[in-house]
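Structures for review follow.
Shared between the two complexes below is chain A, which pairs with chain B and chain C, respectively.
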Partner chain A sequence: MEGITKFFAASGVLANDAVDLVVEEGEIHAVIGENGAGKSTLMKLLYGLEHADAGEITFRGEKVAIKDPFVANRLGIGMVHQHFKLVSDFTVAENVVLGSEPRARGPFIDRRSAVRDVSKVIEEHGFSVDAKRKVQDLTVGQMQQVEIVKMLYRNAELLILDEPTSVLTEQEIESLFNTLKNLLGRGKTIILITHKLEEVMQMSDRVTVMRDGKVVAVRDTKDVDKRELSRLMVGRDILLEVDRKPPTYGDPVLELKDVTIRCRGQGRPLLDRISFQVRSGELVGIAGVGGNGLAEIEDVIGGLRRATSGRIFLHGEDVTALGPEPLREVGLAYVPADRLRRGASLPTTVRENCIVTKHHDFLRTGILQKRGIRAFTERLIEHFSIDAVEGMPAGNLSGGNIQKMILARELAAETDFILFSEPTWGLDIASSQFVYEKMLELRQRGAGVLLISSNLDEILGLADTVLIMYRGRIVGRLENTESLSKEIIGEYMLGLRDDSQSPSAVASAEGSRG
Partner chain B sequence: MSNTSFPIPMLHSTIRIMAPFLLAAIGGLFTELAGMLNIALEGLMLIGAFFSVIFAAATGSLFLGIALGIVASVLAAYIFGFISLHLRANIFITGLATNVFAEGLTMVLAFQIFGNKGVIRFANLPRLPVLSNPSLQRIPVLGDILVGHNILVYVSWLMVVLASIVIYKTAFGLRVRGTGSNPGAVEATGLSPRRYRMYAILISGFTCGLAGAILSLQLGAYVPGVTAGRGWIALVAIYLGNKTPLGILIACIVFGFAESLSNYAQGVIDVPADFILAFPYIITVVAMIAYSMIRHYRLRGSER
Partner chain C sequence: MDRKRIAGLLSSTTGLALTVGIAFVIVIILIFVLSKEPGRAIYYFFVGPFTKSYYFGNMLNQSIGLIFTGLGIAVAFRSSTFNLGGEGQAYAGAMAATVICLSLPSLTGIVGGTAAILGAIATGAFLAGLSGFFRMRWGTDQLISSFLISAAVILIVNYLVTGPLDDPTNSMLTTARIGQQYQFLRIFKPSKLDISIVFAVAAAIATYFFMQRSHWGYEMRMCGINREFSRYAGINVAKYLMVPMAISGGFHGLAGAVAVMGTHYRCLKGVTAGLGWNGIAVALIAKNNPVAVIPAALFFAYLDAGARAAMLHADVTFELAKIAQAVIFFLVTAQALYGFFTTRKRVAA
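Up next, the complex of A and B:
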């Protein structure tokens, strides 16, 4: 790719400014840069989803015009998007073949060979999904496998992966990387976008660094270190470090008592008698492998799902039966993991997204005060350094900036309790650092903070108390001391350790905090 | 009318009455699956009703009448689709505009051509052929109910079958459904969601044109506003039918029966006529409430 330029008139952003990107056959090429640097845009241009204002693309020695993803597919270019593009009520096989369906006769789909061909690709690469399952029943990691299968089914030779690891747990990342190495062995070429520098070091052969729509450096990975990369990316040194002061606990702000969720037709409850407290001035971290109840805890506290039995108290008030809106009135701030569907409304403006939870404050005699809203939104944009204009649709923001907008809104609510679920998925290092500092600041101020995260570094770096979920139960309650390590948490996460069975362990864990 | 034979003719007319509902709803199913709320069914039907009877009378050919009625309705659907999809107007507003436009257009044209704002009768209008087969008719009960309708009734059944096949068995159907669930996913495979939305709108134009043709050709006359809200009820049938062809068929049987019942009840039961005429609409409201209650019950315990 040479001299690629893309201007978005709607936001007035020059997303790509005369970008050159050279990817050699058979390499893993990492593309890094801060949120909004223009990485996704560049990849969409290569995949034919956006069209460049200037520049040319040469593929295997030939100049090509990629007008749509069909052309890209035919050339052998495939892409896994930052935000998956799957039809959730279709099966895996249907999703994979969509657009290039095997035909029985004329317009009729040959379902049997669709399932067979897709299963073959799945098996060949050691994936674990079932071609006949509906996508909505899959875990995030499996959805990503479907996206990869989609590329391979179309015989892609150049695979673009836009932030594939942001939403995965450590185990899933490991298995993804094995897959990628495997694909490399079969002669494929891979472009990998990520915010995690150790992944760049571990996986890539070369790395292109972008900043503000421009390429600022291209390096052989073996010639650089993380420090230099981050300096190239941000223009200054940053290190992901937080200074966690010793906690001082107050009264409980959130309390769950024996919260259980059962689903009809399923033997094991999704949540099994979950009880814990978050006290004022305490940061509780919940860890676990996907599918073990983390999502359900998020839902039940966020008011999106009702507990089958058990009680939830917020500020001493029984909120078990409350939905999201009344919960917010009681004083809940909530940053959901599913930012696109729960956290934001993509077609509406940034401004409206920023005030949805507190639009009452901007009402005067029943009418929203536009000037106040503007000023408020601009303050958030400025303070959280969001790459956005207040009047543009939230859907036009870069992935990381959508999340920053949500975080800004929830943090600005200044409640005494806040729930974060996977807050730094898709954030660059500087933004993650900023969010960590904010979380600790809240805790210091005496708020109760609950952090649900599949990132163990995050949990270990921030939490005062660590809860570990396994198969719907809390199997470990640990104080975050020097002696606690990722390995210990990992053993709980995999079910190798379980304190919940021996009553003395529970008693001592609770006693020590009582 | 003796009391014992009472249900049979009522069921017979249920079958006749439900055909336009069924056709409009099947077309609307395609737009619904493609992710659009198509409120223009009513207007498209009205256009089909008007032009089919006009052309049938003018040409003396039933086939040409129906065909041109459909052409008119598909054309209107195309304009509706073009403005909604290409000019990106709000589809609810353009749908509303289509309905208003259809009403105005038929009224003005009728007045221009016939100098009459009321019912227009055509003396030499060919009648819709009726399927009568003595041996089939001899089947007890079913024969009396299902045989002896005009051919378009049978065409409407055929459309249900055809729609099921297209929706569930073909690549086209898969793409239309994908467009409705996640247009981004369809776009990422290189297909144009907008194109599939347009196809769906054109299909709804086709079936609504046919639905309108049944209404007016059955009467052998053009009655202003002959659709009388049937397009809206068809829309309800799509939801009650849980967005499946079979479900729609069942919902349409219920609506057809309600209307048939109200026709027969007039003069038989001692209830104000207005109430009886409102019966199908009451059924609609009750059905909607029941539907949402069932949904609510089903969703309890899982996500709210």
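Up next, the complex of A and C:
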């Protein structure tokens, strides 16, 4: 790709400014840069989803015009988007063949051979999904496998992965990387976008660094270190470090007592007698592998799912039966893991996204006051340095900026309890740092903070108390002291350790909390 | 407005214009095949509505009901609730207005008329709100429930018109005539155009502001675009399965009242027939934008007036006129529907 330029009139952003990107056959090429640097845009241009204002793309020595993804597919270019594009009530096989279905007779799709072909690809590459399952029943890691299978089914030779690891747990990342290495062995070429520098160091052969729509450096990975990369990316030294002062606890702000969620027809409850509290001034971290109850805890505290039994107290009030609306009145702010469907409304303007939880404040005799709303939104945009214009659709923001917008909105609620679920998925280092500081600031101020995260560094860096979920139960309840390590938490997460079984351990955990 | 939005608007309007053009060409071909004097037929089909102030006024009058039902559908669709029961709601509204007018013969026009209009709105709102309630309570499919309720209501109103409320002094299937004081002022004689067109235009503008700026409008739109998000953010999602439906039904009931009090002065059998379905087409063409409902409704009224004029002045039969209308109707709605579903899909992705 040479001299690629793309201007978005809607936001007045020059997303790509004469960008050159050279990817050699058979390499893993990392593309890094801060939120809004233009990485996704560049990839969309290569995949035919957007059209460059200027520049040329040469693929295997030939100049090509990629006007849409079909052309890209034909050339052997495949892409896994930052935000998955799967149809959730279709099966895995149906999703994979979508757009290039094997035909039976006339317009009918040959389902059987679809399942057979897809299963073959799945098997060949050692994936673990079942071609006949519906996508909505899959974990995020499995959905990603489906996306990769989709590319392989179309015989893609150049695979573009836009932030594939941001939503995965460490185990899933490991298995993804094994897959990628495997694919590399079969002669595929991979472009990998990520915000995690370890991944760049570990996986890539070369790395292109973008800043403000321009390429600022191209390096062989073996010649650089993380410090240099981050300096190239942001223009200054930045390393994730937080200064966590010793906590001072007050009264509990959130308390769960024996909260259980049972699904009809399922043996194991999704949540099994979950009890814990978050005190004022305390940051509690919950860790676990996906599918072990983290999502359910998020839902039940957010008021989006009713507990089958047990009680929940927020600021001393019994909120077990309350939905999101009264909960927010009692004092809940909540950053959801699913930012695209739950956290934001992509077709609506940034402005309307920002006020959704407090639009009542902008009412005068039933009419929304435009001026106040604008001013409020602009304040959030400025304060959180979101790359956005208040009137543009939220869907046009870069992935990281959508998340920043959600964070800004929830933090602006200034509640004494706030729930963060995977807050830094897709955020660049500087923004993550900013969020961490905000979280600690809240805790310092005496708010209770609950952090659900699959990122153990995050948990270890921030939490005062660490809870670990396994198969719907809290199997570990630990003070975050010097002696606590990722390895120990990891063992709990995989079910290798389980304190909840031995009564003495529970007792000592209870004791240490008093 | 930015470039992209203008481009988008242009492409959708040119697309629409193209479809209308193609539809017109098909109609012209049809007329050439079936008419002995095609020139005359085509002339009256397309220009007829503008040749006499009588036709022109009637065309405007026709658009009034379509504006109201179009608004009703636009509000419902914007909120992702679905009202396929417009036919029954409008008909029931017409009946309610008639009954109220007939049973209050000695009130002043303002008092009794207001009662009749409110009664019609309440009737439509209740019928559509019922579907909303069913969905809220049991998750019943709104498309089906609203359609079925409406189908039953049409039969009931038919029974009332032809049975207990039939006017025996008259050979038509109709109720008695409402009092003079309840008949809307005609503003463009000799045509049937009445004062309610002013209210229709005002209603469209008011609805636009209601949807864009009001508390309920905002919440309804948010629910319409993304219910998961709205629920998470603390908007009462269940309420907005019902409220937009009730508003939609209210508009349909109002359309029914206006048909009686502005045009026919009695509840004839099938007095509002077509208003409900055409309202859907109008809303689709208007892309559910309340202000755009006005030109969309005018377009539909124009088609109807053209067909009538061609029938009167040329050898165009009723069937040909209806077929010609249907061709345009289907093509235009298909195009609008296509846009509706593709944007939906994009939203869902």
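Heads up, the rule we're going with is that the second predicted complex is superposed on the first by the 514 of 514 C-alpha atoms of A that agree within 3 Å, B and C clash if a C-alpha of one lies under 4 Å from a C-alpha of the other, contacts with A are read in each partner's own complex, and residues count from 1 in each chain.
We take it that contacts are C-beta pairs under 8 Å (C-beta built on N, C-alpha and C of every residue); 3 or more make two chains touch, one makes a residue touch a chain.
Predicted, not measured: the structure shown is a model, and the values here were computed from it.
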item: Chain C versus chain B on the shared chain A, clash or fit after superposition; value: clash
item: Partner chain in contact with A:Pro336 - chain B first, chain C second, else both or neither; value: second
item: A:Thr260 touches, of chain B and chain C: first, second, both or neither?; value: neither
item: Partner chain in contact with A:Pro347 - chain B first, chain C second, else both or neither; value: second
item: Which superposed partner A:Asp68 touches (first chain B, second chain C, both, neither); value: first
item: First (chain B), second (chain C), both or neither touched by A:Leu363; value: second
item: Which of chain B and chain C A:Arg328 touches, first, second, both or neither; value: second
item: First (chain B), second (chain C), both or neither touched by A:Lys85; value: both
item: First (chain B), second (chain C), both or neither touched by A:Leu304; value: both
item: Of the stretches 75-83, 129-137 or 147-155 belonging to chain B, the one that collides with chain C; value: 75-83
item: Doubly contacted chain A residues - partners chain C and chain B; value: 85, 304, 323
item: Partner chain A, residues of chain B touching it in the complex; value: 166, 169-172, 174-175, 177-178, 181-182, 184-191, 300-304
item: Chain A to chain C touching residues, read off their complex; value: 9-10, 85, 302, 304, 323-325, 327-328, 334, 336, 341-348, 352, 356-357, 359-360, 363, 366-368, 370
item: Residue numbers on chain C that touch chain A, as the complex places them; value: 2-5, 213-216, 218-219, 221-222, 225-226, 228-236, 347, 349
item: Chain B partner contacts - residues on chain A that touch it in the complex; value: 48-49, 68-73, 79, 81, 85-90, 94-95, 98-101, 103, 107-109, 262-264, 299, 304-306, 308, 323
